[in-house]
Structures are given as structure tokens and as C-alpha cells.
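Below are two complexes that have chain A in common, paired first with chain B and then with chain C.
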Partner chain A sequence: MTLHRGLSGTVVHNRVALLMAVAAVAGALLPFLGFAPNRLLSGRPVPLWAAVQTVADIGALLPGLVLLGTPFLRPTRAALGLTVVAGALLAAALVWLAGEQAARLAAGASPAARTSFASGFWVMAAAGLLAAVDGARRMGLGTAGRLAVGGSVAALVAALLASGHLDHLSLLKEYANRRDVFADAVLRHVLLVAAALVPTLLVGVPLGVAAHRRAAIGRAVFPVLNVVQTVPSIALFGLLMAPLAALGALLPGAGISGVGPLPAVIALTLYSLLPIVRNTAVGLEGVPAGVREAARGMGLTPGQIFLRVDLPLALPVFLSGLRVTLVQAVGLAAVAALIGAGGLGAIMFQGLFANALDLVLLGAVPVILLAVAADALLSIGIAAAARGAGGRTAHHAPNQPPSQPPNQPGDVQARSAQ
Partner chain B sequence: MTGMAGMSPRDWLTDRLMLGMVALVALVLGMPSLKPLFAALYPGLDRPLYEADSFVRLTLDHMALVGGSSLAAILIGTGAGIAVTRPWGREFRGLLETVATMGQTFPPVAVLALAVPVIGFGPEPALIALTLYALLPVVENTVAGLEGVAPAVLDAARGLGMGPAEVLFRVELPLAAPVILAGVRTAVIINVGTAAIASTVGAKTLGLPIIVGLNGSNQAYVIQGALIVAALAVVIDAGFDRLAGWLTRWSNA
Partner chain C sequence: MIQFERVSKRFGSWTAVDTVSFTVDEGEFRVLIGPSGSGKSTVLRMINRLIPADGGAIRIDGEDIVSLKPEELRRRMGYVIQSVGLFPHWTVERNIATVPALLGWPKPRIRDRVTELLEMLNLDPRRYRGAYPHQLSGGQQQRVGVARALAAEPRILLMDEPFSALDPITRASLQSELSAIRHRTGTTVVFVTHDMDEALRLADRIAVMDHGRMIQCATPLEILTRPASPLVRDLVGREEWGLKRLAVETAGDRARRQERLGGIALPVETPLHRALSEMVARGTERLPVVDGDGRPAGVLHLSDLVRSMPDDAAGGQAGGRA
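Then we have the complex of A and B:
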């Protein structure tokens, strides 16, 4: 009877939350942590119930218990808000509990012993975060609201990191061993992306403007950029090596080499051009002709029209191209470590080649965080620019909202190089 | 839809797909005979040709990894996309779309690397990571394609007495096919590149000569692997171009 009512939706009000609750329960039955005598051996599993030893530990699981109840609540704003808070807190609390248990395990073991996250941790944390994401979406939270939720989880975890509570986890031990290398790698990674961004913008924006003004230029440029985008990054890095090495041999004093940051920046620039050129052109094409007419009628010069009409109206579309470029470049810069460009990819591949799994995490997780941060920052910028552009078009031509870029094949494809 | 037999020699020379395929086959089969060339280009190298595995074997393994993961992603991804656009699955649509969008901000190489701590070394983590990553564009485009079918068309189909399955297979999927194919294309092209990097997690693919060459400062190995994998990617992309052209003509017919 209950099952029947559940299926018909009278008992279960939120089936997504139900799925996440089931996933969280399944995660609770999987190994929570792994405990190994040293970094190269695989560990024995530590179940969740073995990690819950004090009243505080039980308290840490409270958000999880609340989450189990949320599928049965009527979907009011308060209930959805509770889902968001419970899901987000569960993820942060699991990190706290992992640090707590790692410290207890470390107390009776050799300094070489390692405690790592295991599948149960990942499943439960993912269930909590997804429940929060879905709750936020159902509440109709905008970009700012969703970023606030994500930001609070990040801030909680950052506070745990800063307090030293997580220091006995294997990931943090790898970090402690490489504190300086890690800081350099993050900086190097950001610099690689930034170094590619400068030539990309200097070449890409004028090229996009030209492609918008003369269709023939677009017809010549886009097929070439599309083929470049198709070539796998590791192949492009490899193919740039030989000519650059030859050039370096010809000009011994110029410091040109087939390995290192130079081929990485060249390849990153080649990949970054397509989204920038395309979105510059598409953004300009979306500026309503009526608005330009009106500006001309008001006596603005072509230069003024470009700066005060075209630029702000094309900005949201341009920024979404920049977002694709940045997210893609963060990933490509990680691959560039294979040709000696350094960055976080170097830590990641060092871990892969040495079979040191927590070292892999130490490289890969910050790469993901950098990409997500770039995406979040740009989406704030896009929202702000769209409001600005919307205001302008609404003022001049109320019936023509700024056009969005074609979001389907082209946009997705712009992320395809890897 | 002109077959190969209907093409004049001139068409052959301007056809990107045909040229690419000829170049790919020539590179894969003919690489060993280029050994003297690489020996002349790199006189300092003891082994100017990658011979630990045959390029035919590596290419086939590479294609099997890409094909297997893409096929799994297409089956699961379109299934999930169809499920969340039905009345009984609509509740999950927002979550699925959010996951597909957010997931694509994760760099594929990081996803590949993270598969190792979870699953271990070898072809399996590569296959699973590639499948998971390929799911995202397939799901995103399946949902977008199905949602893009005009409600009036669906009403007309129902008015003709079609049942839900008939509407799905005879109206919705054919109309959404070009958008779904664009997602599959994105997924496959990403996978060709990620499969090459998968050599670092223990899968034998065309990335292997590149990785071995980079680690051992053997530029000839790097060029041999890079040329073939680049040709493979260009050929597959050109193939999708052809397929998309056919599909658009077919769904407009």
C-alpha cells in the first residue's frame, strides 16, 4: 500500500531526492576510507560505522539523516531549502569525519601509513552535492544563489584545510611533501593559460570582427580553426615539437625549444582561437541593425558606434566564448605537462607514472577546481553583461533582445579538443 | 548520396574524407617503410622507428577503445535523454541537464586521471572514464534535440492516432537526430584525444609511441604517433561531417 502510494507520488514528493537518499544509503555501506601501511600499497577498507566513534561523529551524520527524510516532504521553499542545506552540509561533514578518523588511525600507526578517501566517501558526498544542486534548481535560485551554495561548501572545506584538521589524510600528506612544488605548479598552470590568452585575444578579436564584416574571411578562417580543434592535443604538442626544435637549432641564441612552455602556449593559443573568433563574430551579428541605425541617426561616428553599441551588445556572447576558451585551456594545460610545460598536470602525471594515487588526486582535483572556478567567474560576468546589454537594447529597440550564440553543435564542439 | 563508384577522379582529390582515409591507411601501413627517412632526419637515434607494437595493432586498439566507450555512451546517453523527456521521467530532467553541463567543465584528462585511484590501471579505467565523459554531450544534445521538436508536430502525430512509442521512434527521434548526432560527434572527437592520453594509465593506444618518445627523448616516436592519431581524428570528424549531411537531407525529406 505504502509502495503504491509512493509510486503514485502521494508519499514521495521528490523522486530526485529519493534517488539521492538511496545513493547515500548505498554509499554508507561501501568502504568509507582506505588505510594502507604506506603510499604504494593498497589499503584495507574502513567502513563508515567504524569511523563513527564519538557524539560529534554522530552529529556529523545528522545532515545525512535529514537528507533521508527530504523525499517525503512537500516541495515548499522551506523543504527545498532544507534539502540544499542538508546536502551541502553532508558533503562538508563527510570531509570533517574523514579527517577525524584519519587522525585517529594515524595515532596508532607508523608515519608512513596513509588514509585515503574510498568509494563510500565519494558516493555519499556526490549524493549530498547533487541533492543540493537539484534543490537549488527547484527553488529557482539564479546564478548568484547557486554560486553562494557552492561557495559555502568550498569555504567550509577550505576552513577545515586551513585548520589542519585534514592533515592526516594521505592527500594532505602528499601536499605537505610538495608544498613549494604545488604552489609553483598552480602558478605555472595559471600563467600558461594566461600566456595563451594574450595572443588569442590580440589575434582572435580582430579576426572575429573581420569575419563579421567580410563573410569571405569567415569562410577562409573557420574551416582551418575547426580542423585544429579536431586534432588531439597530445598530437598537436607532438607535431609542434619537431619544427620548434629545428628552429631552435637554427637560432641557438633565441631560446626556442621543442619542449617546455613555448610549444604549450602555441598549441593552447591555436585551440583557444576558435571560440573567441566565432563568438566575436556571432556576437556582432546579433547586434540589431535598428540599434546601429539609431546610433548613426544620433550622429555617432563609426568608431563611437563600435565602442558604445557593438561592443557592449556583443559582450555576453563574447564572454561565453571566453568561458569555453578558459575552461578548455585549463584542461589542455594539464596535458601540456607531458611536453615538459609544468603546471598541475606535471604532478598528476608524476602520480600516474609512479602509481602514487594520492599524488594523482593532488594534481587532478585542483585542475578541476580551476576549470570550475573559471566557469563560475565567467558566468557571473556573462550574467552582468547580459543585464547591461539587455538594458541597452530595451532602451533602443524593445523588440529585439540580444541574440544568444547557437548553443548546440558549435558551442559543444568548441570544447572538443583534448 | 553518391557512392564511391559515382565519383570522378576530381571529386576524389577534393574529398576531405577520402583523402584523409587514404592518408591514414598509408600512414598506418607504410610507417615501417619510412624508417630510412626517420633515420636520416634523426641520425642520433638508435631506434628511429617505434617497433614495440605494430601501428596497425595500436590503431585498432585505439579505435576499439573509442568505439566501445562511445557506443556505451550513445546507448546509455540517448536512453537517459529519452527517459527524462517522457512524462514519468521529467522530474529528473533538470538534474541530468545540470550534471551534463557541470560535468563538461571538468577537463577530460582530469576525469581520466581520477579513474585510476577509483578503478586501477589498465584499459578498464580508460574505458569507464571515456564512457562517462562521452555521456555528457550525448545526454545534453539528446535532451535538447527532443525538446526542440515543435509541440504542434507532436500533436499532429498524436492526432493521426500514433501511440507514444510510435511518436518517439517515427517523429521525435528522426527530427532530433541531427542534434543528437552533433553530441555524438563531440563525444567521439573528445574520446579520440583522451584515448591517446589513456596510454598514461596503462591502455595501449596510439598515444603510446608519443608517451614513450616524450619520456625517452625520441622525437621520431612522437611524430609517428602524433601523425597517425591526428589523421585518425581528422578522418573521423570528416566522416561525421558526411553523416550529418546525409542525416539532414534524410530528416528534411
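Then we have the complex of A and C:
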């Protein structure tokens, strides 16, 4: 790590932390919350200093002050641990402070008044979380450690939600209005993804095995799947509507329709195939030829070689393909609401069409949380599979296989917005 | 006993093995040697049907191997390859136990066998039984590879350049351990290599292959002294021919049995090039020789070492030209 001597003569040990500290300071100058008399009017900004009114409020900002100091600490494990704790606590504390201020603002206003998160909140919370993520990476925390940090922040926010402390925030008011449809939307979203996953695995895994065994199959399959990935999701949903509607007209009793869950599941399956097929094939190619040769030479049958050698050794790479697939499908399923498939996307689009930003958030935040949860779950699986594959192959199993699909977890939001 | 009768193998238009016939006797150590692409590995891999023969017949103890299921045939033979191919997700113990487990041996018997094999190959069972392959050095991995091949007490051991990737010291110690093990167990070994020194050191008989044909099949001494073609002579190499010639005979072979001499004695099985080295080191022209029980077995004279055998003429010329 290079030392950087700043203008004032102090020594900067961690430039990422410095960047996050600067971002946090900048965020503190931006509007922290927005307060509007009702959901249709644009609100007036509430700066951070106006939201800090009690000793407890000042205490909530302490992690932020600690974070400002961390770039100047020597990068020992203790200092990095402090960065992680301070960053994570800052994000949770900002949520608490927002709830606190929303309650105070609500005290003198009509029930229609809305208090929403504004740019300052988002910038500071993001700076805190990113500082924590970077600190965890520098500490060399394993999957379990990183999940523990993320889980603690989630638990703190969940506790605030459960206690009713955040009930005066606009997001929670939107939730209260739609409590009846919200749980259904989440369930439907998960079901859409699960319904796409079943055919993806049934088709994708055998196709990946075939592509590995016969290069000609791979040469035929991968270009097609790559092209599918480049089709924008709305276009693919649209393309499926016409043939499915025609099919529905031909078979009136079969319940086939150009809109609704069926085209959504088909489109999600088509998008999900590439990572599954490719990572199955890449995983199998990663099994050393000598290992397979020795297995044959010792008298294992082809079935035994597949189950005892190929499968466990290819599993970590396969699971990272499944991770890409799941995260991508959770995001894409939101767009499927446009063709009447329902799910959290339906709430998002209602918000977009009604210009109600908090309603959009009510749909978008659970989508993000579902994607993060799927990612975390698969990380645990991949770490376990890599241990099962004998340690060394864990290094050979890339989280990011050589050729990338156009969609990566980070792209999900971009595609959802198409 | 392994018999090849007019066995051929073609890959497309290329003939890898061309009507080869030979017999490997029970308990014999047979080395197959030749340049790359000579067909030696193909011959080896036809014995356990990893490659099916196109023509001719291969018999094991008189039984045509086509009459057996390939998996059954392979479980009766040990198989060791250059890249070792240990299962990276299994412990050393489970790797070694592969074939016994396939054969359904009871667990306690497998456990005892693993202990016995690890000790036989100089790996401490307490330390290595639960280790994973990536925690071992290359030499240790191949020791486990050999142990795994020997696990189900096969009568035949097939080895495809097993020690070629190892450093010279590790290779030498694995060679002598292999020699000791096969003398003790009486296992028939078919061993592919491109290293003539390794072949001379280990083989009872060496089969030299070129372009899919077997051009000479003889003892190490005959290969050295009566090479059948210039290729065989090139494989032996002209450098240090005399020392290689000495290395295939032992002190016992040339000692004057009735003579006696005091001093530190050589065991009868000492190769003659070592005996020569010992004479140079001690500055003497005579060394006493003792048998396995330490009883005097004669005296070795320098003049007997340099005395060429009558059939050494051809090899002697080769050495002279070097």
C-alpha cells in the first residue's frame, strides 16, 4: 500500500477510505431528507444539521466521525476492523436518524405528509457501506465474515422496521397502503424466478455436458445463447407475445396467452441458459485430464466418473453460473410486470406511472434485497463446494469465468430499467 | 502372463501399432521404450483396454481380454500415469482405497491395507492418511499414485512414464522402492519410459519400439552389447557407454570367488559402476565382496572390470567412437 503525504503533512494509509470519507462529508452537505405535504407535491429539503436535534442524534453520527479518521490509521487488522464496524454502523444509524426525524416532522403535519430519503442519505449510507466492504476485503475476511457484517446491518435495519421506528417514513407509508398486495408480489416474484429456474436446469445442464463432450455442439449452442443475451428484455417479451398469442388462439383450451407469466418464464429461461450452459461446460473442462484418465484406468464406470469425479470438481464453477443466473433473473423478473406477469415489478411500474418515487422504491428495494440474498446464499454454497473440491481447485474455479455474458449482477439494474 | 499376438492399432490413416507380438512373463519387469509416437503408450493402454485393439489378440493368463468387461479387467490391474491423476477432492486414504472400495472390500481390511501401503512407500500413515493431494509434493503425490495402483494387490502393474516429471533424486528413490516392492510381491510390471538409463536400471527385458513396430526385445546387457539397429544404439547413447555397460552387472558377477581380502567390503549386488567409483575413491585396484549375510564372497579386481566380454565387440565400438 503506497503512503500518500497530503498537503497538510498527514499520512494517508488508505485511499479508498479517504474517498469514502470525502463522499460522506459531501453527503452531509446535501439534503438528508425531503418533506412534502402530500405524495404528489415535490418536497422541501431537510438538511442533516436540521435533523440532528438531540444527544442521541449526535451519537448516531459518531460512526461517521470515526470513519473520517480511518484513512489516516496504519492498515492493521484492528484499524480495518474499525473501518468495517464504523461503516456498517453509519449506514444503520442513518436509517435510525431518518426514522427519528420523520417522526418529529409527522408530529405537526397532516397524515398525507411524506418524509422521504434524499440524496444526502443515499450518498452517506453508500459511503459507509462501501467503506465497510472495502475494509472487509482488505482484512481478507472469508465468505462467513463478510456475510456476518452484511447480516448485522440487515438485522439492525430489520429491528428498526419491526419496532415501528421507521413507520413515519414515506416508504413505510406506501407499504402500509399496500400491505395486502406486497406479500403476494414478493411471493409471485420468487415463483417467477423459480419457475424459470426449473426448465433452465433441466435443459441447461445436459446442454452444458453435451457442449463439453462434443465441441461441435458447443460451437452451435453458444452463439445462439450469446445473441439471446444481447436482445433487450422488453424486446424479447414483445417478441414472445405474438407467437404465444397465436398459439393461444389455436389451442383455446390450453390457457396459453401472449401476456402474463408464461412469456415471462420463457424469456427468463432463455436469458438464464447462457450462464448455466457455459459454466457447466467450463466447470467440466476444468477437471484435469489426468484425473479422468486415472479414474478410467482404475475401472470406474462412465457413470461413476461423472458422479464421483466430474460433478464434485465442476460444482464450484457451476454454482457461480447459477449465482449469475439467479441474480439476473431476480432483476429481469421486475421488467416482466410490463407484460402482466405481476411480481415486484408491478409495484415499481405503478410508482413510475404515478410519479410516486417511494412506491418505486417499495418495489425496487425488495428486488435488490432478493438479489443480494440469492448472491449471499450461493456464495456460501460455492465456498462449501470449493472446500469439497479439495482446496486447490477452489483457486482454479473462477468466480468470473473467462468469457462474460453481457449481463452481470451489476447490470441487473440497467436491464431492469430498459 | 501377458501375450500380444499380431496386435495392430490404427488412428485414421496413421498406424500407431503395427502387428506387434510379444510375451511378458509372470513376475517380469518389462520396459517399453522408444521415441515419441513410437506406439509404446498405445501398447500399454491396450493392455487394460483404455484403447481397443483393431486386430490380433491380447491374452492375460491365456484369457482373451475382450471376453471381460473393461471395468472388471482394469480393477485387476494397477495403473500409474505421469500426471498422477489423484482425485483432488479426496483424502490420500480415500484415493488409495479407490479400487478396494469398488471391489467391496470390508472397511477394516481397506484401512489396514492403506496403512501397509503408506508404510511401504515411506509415507507416515498418521501424517498423510487424511491429507489432500494439493498438500503433498510432486514426489509424495506419485508415491500415493503408486500406492493407489497397488491397493487391490494386482498381479499386473501398468506404468506410463510414472517418474518422468520428478526431480532426479526423487526419481532415483522411487525407482529403487519400486524395484524392491516388485521383487517382494512378484508383481508383473509393464513400464513405459523414454529414459534409457531408467530402462537399464529397472528392466528384466527391454522392448524397443519405433514406428509402431517392436525392433528389439532383449535384456539390458544385450541391448547394450548387441543393439539391433542404429536407433537402439542412439537410444542407449554413446556418452559414458562404458559406465552404463558396467551398471547392468554386479560385483558378484565379476568377483574372483575363491580369493579373500580384508577391509570394508561391497555387497554382492553393488552395480559395477559403483564398484569402480569406490576403487577410485579409495585409491585401490582390489575390493573385498560379501554376500547378503555378510560372509566373504570373493575379491573384485580392476582388471576384471575393464576386461571386455567376448560379445561386447559391437558396444565396445560404439563406446570407442564417443
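Simple rule for what comes next: the second predicted complex is superposed on the first by the 381 of 418 C-alpha atoms of A that agree within 3 Å, B and C clash if a C-alpha of one lies under 4 Å from a C-alpha of the other, contacts with A are read in each partner's own complex, and residues count from 1 in each chain.
Rule of thumb we're sticking to: contacts are C-beta pairs under 8 Å (C-beta built on N, C-alpha and C of every residue); 3 or more make two chains touch, one makes a residue touch a chain.
Everything quoted here is computed from the prediction, not taken from an experiment.
Chain A has more of its residues touched by B than by the other of chain B and chain C.
In the superposed model, A:Arg296 lies in contact with chain C only, and not with chain B. By the touch criterion defined above, A:Glu100 reaches neither chain B nor chain C.
In the superposed model, A:Glu174 makes contact with neither chain B nor chain C. In the overlay built on the shared chain, the residue A:Leu313 is in contact with chain C alone; chain B does not reach it.
When the shared chain is aligned, chain B comes close enough to touch A:Val367, but chain C does not.
In the superposition on chain A, A:Phe353 contacts chain B only, with no contact to chain C.
When the two complexes are overlaid on their common chain A, residue A:Ala389 makes contact with chain C while staying clear of chain B.
In the superposition on chain A, the residues of chain A contacted by chain B and by chain C do not overlap at all. Of all residues in chain A, those touching chain C in their complex are 288-301, 304, 308-309, 312-313, 388-393. Residue ranges of chain A in contact with chain B, taken from their complex: 14-16, 19, 116, 119, 122, 130, 133-134, 137-138, 227, 230-239, 241-242, 245, 258-259, 327, 330-332, 334-335, 338-339, 345, 348-349, 351-353, 355, 357-358, 360-361, 363-365, 367-368, 371-372, 375, 407-409, 412-413, 415-418.
On the side of chain B, the complex with chain A involves touching residues 91-92, 94-95, 98-99, 102, 104-110, 113-114, 116-118, 121, 137, 140-141, 144, 179, 182-183, 185-186, 189-190, 192-194, 196-197, 200-201, 207, 210-211, 213-214, 219, 222-223, 225-227, 229-230, 233-234, 237. Against chain A, in their complex, chain C makes its touches with residues 48, 50, 70-75, 79, 81-90, 98-99, 102, 132-135, 145, 148-149, 158.
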